[in-house]
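Common to both upcoming complexes is chain A, partnered first by chain B, then by chain C.
Right, the complex of A and B next:
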């Protein structure tokens, strides 16, 4: 039995080794650096200790950082609500049959496999002033000026549109997979009892879909909280701070300003917030799983 | 009643048609841009499919033949392929261990591997950068700006998802089969070769294709942890933005080329993409 366990650990060891070296070690390292003042470009480029919480104390009053977190959360909630609504409607429509359905579905899958940085490039080419057709179309037909290089509000919503374009298919396909796996009996009894479509949807479909919905919310929320690539490509975080999400803010503080100590503290807070949100959703998932048993 | 249904059908088809146009239009425009000269791109956007008449091939030859983008492409291919191979082998071993041996704490290990996928990479940029360039040092060799560094690093987000995907499949292979083989005197290697790999083949294929795709698409870590020798194609794309006076045609060409594997894979993984992206939590 012992030798059997040994074989098991042997098989697991490379995975554990890599995950410790590239996951745990960086975590403890960033935790450690977060306690110091460290700027390699400063007069004194060594690690300076001035109390455990000095960086964290600064961050609590760092409006730009706090705003970037608030912006990330706002962005996640906005995109999630749009994608969930759209994705649910599209998934429902895919349950019925109509001409060219499988073709439409295949095209709908396409954005999912495109790299975020390429999505950023596609949207840049499509919407940039002077080149992209979108500003021209909006100007000529609707008299609307689109220039997100100058307009903060437009920049934020442009990112939202890009994210919806990129990730609604994920929501659609996941919900469709969930919908197709639902048992048919409740629907039949509801129809016999004379329930209308709206009642069936609110009292049967939605409650039965809750586990799948939570999975979708969980994954989309985690992914949109860490958005960097496509934003970096499209707006670079600007204009001003309009699209500076937490990931971009940390990148700028660390690699442009070289605030290693402060940047580490930011990373830890960012991780902490992500973990808390993650944990809350995970607990909801587990609690629901227990109720069902 | 019947006409109502027909109307619903026409309406749905129309809406999906519109959606398809919205999905494809930006991609179509990128293809147009990649085939045009800077002069042709000047002024009012021309949406007609001019690539049937004339393609400005220089947009492609300039970065990929005269420029360094062929190196980037080569690096991307090496990194994504090696990472996919490594992840598949390691994940098979780890999943077999998690599925067949009652190891103490294996549940927590499984959960811990998953958390690695959820963490925002931006939070790990600085420590990884410092570890890669100064701490993990072997003589003169550092992991910074090497393909090996990227190959190992991408395991952090590919392994968890690969283990999750394979776990369902290996759990589904009856234990009695391996036990029968052990009684016949087969060693672990034979069990993998004769039993696990053939039975899990479709799952292994999907796992390696999706790992390849995620590694191919990764940008943030590659851009921070490489500078010259190990740049991948996504980092090359971002270089277009920082230089002044972007050459849109070349940028579109590079974006198009970097999208090709994704397009090829789409047909192979389409059915499994939901399971892949949701870690198998929702069967696609």
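Right, the complex of A and C next:
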């Protein structure tokens, strides 16, 4: 038994080592730095201990940071809702047969393989005022002025559209895989019992899809909460603070202003908030699932 | 591309001429380092491309030392260089030091003292290469004792560009006089600048031309807009050093600074009021997009970085306005020119950068050779033609450069004769943090979310907080 365990640990050791080096060590380092005032541009560039909670206390009253968190949550809720709805509809439609289905599925999946920074570039080239085709089309045919360098609402929604374009295929594919694997017996029973399509969808498909939905929601939620690259490329966080999501805010504080201590505290606090959101959501979904059982 | 090819051919001749002179020395001095690969990171500018595609290859031919220069975006360049130097990882053997970041790098002791390095190792000192050959721009890369920490590879001034073809149109002149009551000409005052901008916006629309009255480097999410305001617009209104009181490191008027003072507010008001007369892409434009917009013929006038001025005026492959570009000093408020001439102020930004060696470099000696190769007089003229930059005193008098100068409406001459009116960034070691504090307020003023007055009141408070935080205020 002991030798069996030893072999197991031996086989696991490379993975554990990598996890420790690439995950735990940086995490504890960031946690440690978060307790210090540290900016290498300061008169005294060394780490200054200023009480355990000084950075965290400062963040609680930092309106810009708190607003960036609220903005990120709002963004995540909006994109997640749209992506789930669209993804589910597309997955359901891909279950049935229609002409050029394979072609549509391939084209639909293409955005997934594009790097976020490239997605940002594509959208920028497509939508930049004066040069991109979209503002011209909107202006010429609909009389609508698209200028997200000026209009904060447009900037926010442009990023929502970009994220939906980029990630809905992921939701579609995952849900499609889940839908394809569902057992057929409950459907046949429901049809014999006289259930209509809506009832079948509400009382059979959705409950059976809950485990898949939980996975999709968590992956997309965590991803959207830490969005940086596309936004960086498209708006740089502007105009003003309009698209300064927490990831961008932390980047600017750490790499532009060099507030390493404060930036580390921001990262830890944001990680904590992300975990709490996920945990609450998970608890609610699991509890609802149990109640429905 | 053609220009680069021409430069390549021209430089082959230059290097052939050099062959009899210093080539043997470089061959000999480089022999111990043959096979070494030097890694560098720099901003992707025309001079950077010349260094990577022409000079690096010639250097490798002579010495067997390969130079891999990563020319990338401004943000990436900083990100990569600073992370490498902070972590002491030694990925890069040389980095681009933009003039405004040099105080930060020196403060943090990132860079090798080149003067000292060469003095302590005479075998590495190339004959015919002297740091005295550089223009005064090299002074920005010296410490208090006069030792050099960076070898300048590009230097420009930010000038006023205007479209000669538009300004010289008879119908435009007549219409302008009828509307404003005085003659149409390139701007020498802010009122005239604004009138020109307003006029050409309407004139172009009436003529069915895709052009506007002025460029504005007004990206609402990129520091380029803050730089345009702090380094070009504000100084021309007489606001220097970001409005920071250099004795107390305070920027708000109530504390002895000037960032929210009358001149600053007049400057920001002037600048933001130009937006209706700028191409629609203005609020998403950094320095690169401003250069491209002007080159595409989308603006009648504007403040344009010198690194773009030369190619806009001369490169027909990339620019639609070749032969029609006028170059002048930008307009200034009364008294500013006199202050600048007396050394008590400046009218705009003396831009540029140098290559320096991080302490973390693993190939310092081979890099010293490369930097001296870059500094040689022999290829400065071709580099100036390819990249619109001049770092050596003698380059101005080179016949090839003089020919290009004529095509570029005397840009090089203007730089030689009036360069002293310009200045680099203020010597703030906290440059990045300070600018980062101001950015959002400038973005908000440009987007119309704040009035210029509100924006500057907020900006000075944010900047003061940063300077206090970092321990600069007494």
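One rule holds for everything that comes next: the second predicted complex is superposed on the first by the 269 of 293 C-alpha atoms of A that agree within 3 Å, B and C clash if a C-alpha of one lies under 4 Å from a C-alpha of the other, contacts with A are read in each partner's own complex, and residues count from 1 in each chain.
As a working rule, a contact is a pair of C-beta atoms (placed from the backbone, for glycine too) under 8 Å apart; a residue touches a chain by one contact, two chains touch by 3 or more.
Computed from a predicted model, the values in this text were never measured in an experiment.
Engineer: Kindly classify A:41 by the partners it touches after superposition: chain B alone (first), chain C alone (second), both, or neither?
Structural biologist: second
Engineer: More chain A residues touched by chain B or by chain C?
Structural biologist: B
Engineer: A:278 in the overlay: touching chain B, chain C, both, or neither? Say first, second, both or neither.
Structural biologist: Only chain B is touched by A:278; chain C is not.
Engineer: Which partner does A:70 contact after superposing on A: first (chain B), second (chain C), both, neither?
Structural biologist: A:70 contacts neither chain B nor chain C.
Engineer: Figure out whether A:256 sits in contact with chain B (first) or chain C (second), or with both, or with neither.
Structural biologist: A:256 sits against chain C, while chain B stays out of touch.
Engineer: Kindly classify A:241 by the partners it touches after superposition: chain B alone (first), chain C alone (second), both, or neither?
Structural biologist: second
Engineer: Touching A:7, do we find chain B (first), chain C (second), both, or neither?
Structural biologist: After superposing on A, A:7 lies in contact with chain B but is clear of chain C.
Engineer: Could you say whether A:23 touches chain B, chain C, both of them, or neither, answering first, second, both or neither?
Structural biologist: After superposition on chain A, A:23 lies in contact with chain B alone.
Engineer: Scan A:150 for contacts with chain B and chain C and give back first, second, both or neither.
Structural biologist: Touch partner of A:150: chain C, not chain B.
Engineer: A:228 contacts which: chain B (first), chain C (second), both, neither?
Structural biologist: First partner only.
Engineer: List the residues of chain A that touch chain B in one complex and chain C in the other.
Structural biologist: 124, 131, 236, 255
Engineer: Which of the residues in chain A end up touching chain C in this complex?
Structural biologist: For this pair, the touching residues of chain A are 39-45, 64, 124, 128-131, 135, 147, 149-152, 235-244, 252-253, 255-259.
Engineer: Within the complex, which stretch of chain C touches chain A?
Structural biologist: Contacts found on chain C: 79, 82, 86, 104, 107-108, 218-223, 279-284, 293, 298, 429-433, 435-437, 440, 443-444, 446-450, 466, 469-472.
Engineer: Which of the residues in chain B end up touching chain A in this complex?
Structural biologist: 8-9, 12-13, 15-17, 19-20, 22-27, 29-30, 33, 41, 44-45, 47, 90-91, 93-94, 96-98, 100-101, 103, 109, 112-113, 116, 118-131, 135-136, 152-153, 155-156, 159, 163, 188, 213, 216-220, 224, 234, 237-238, 240-241, 248, 251-252, 255, 258-259, 262-263, 265-266, 269-270, 273-275, 277-279, 281-284
Engineer: What residues on chain A touch chain B, complex-wise?
Structural biologist: Of all residues in chain A, those touching chain B are 4-5, 7-9, 11-12, 14-16, 18-19, 21-23, 25-27, 29-30, 33, 90, 93, 96, 98-101, 103-104, 106-118, 121-126, 131-133, 136, 165, 170, 173-174, 177-178, 181, 212, 215-216, 219, 222, 225-226, 228-229, 232-233, 236, 246-248, 250-251, 254-255, 260, 263-264, 267-268, 270-271, 274, 278.
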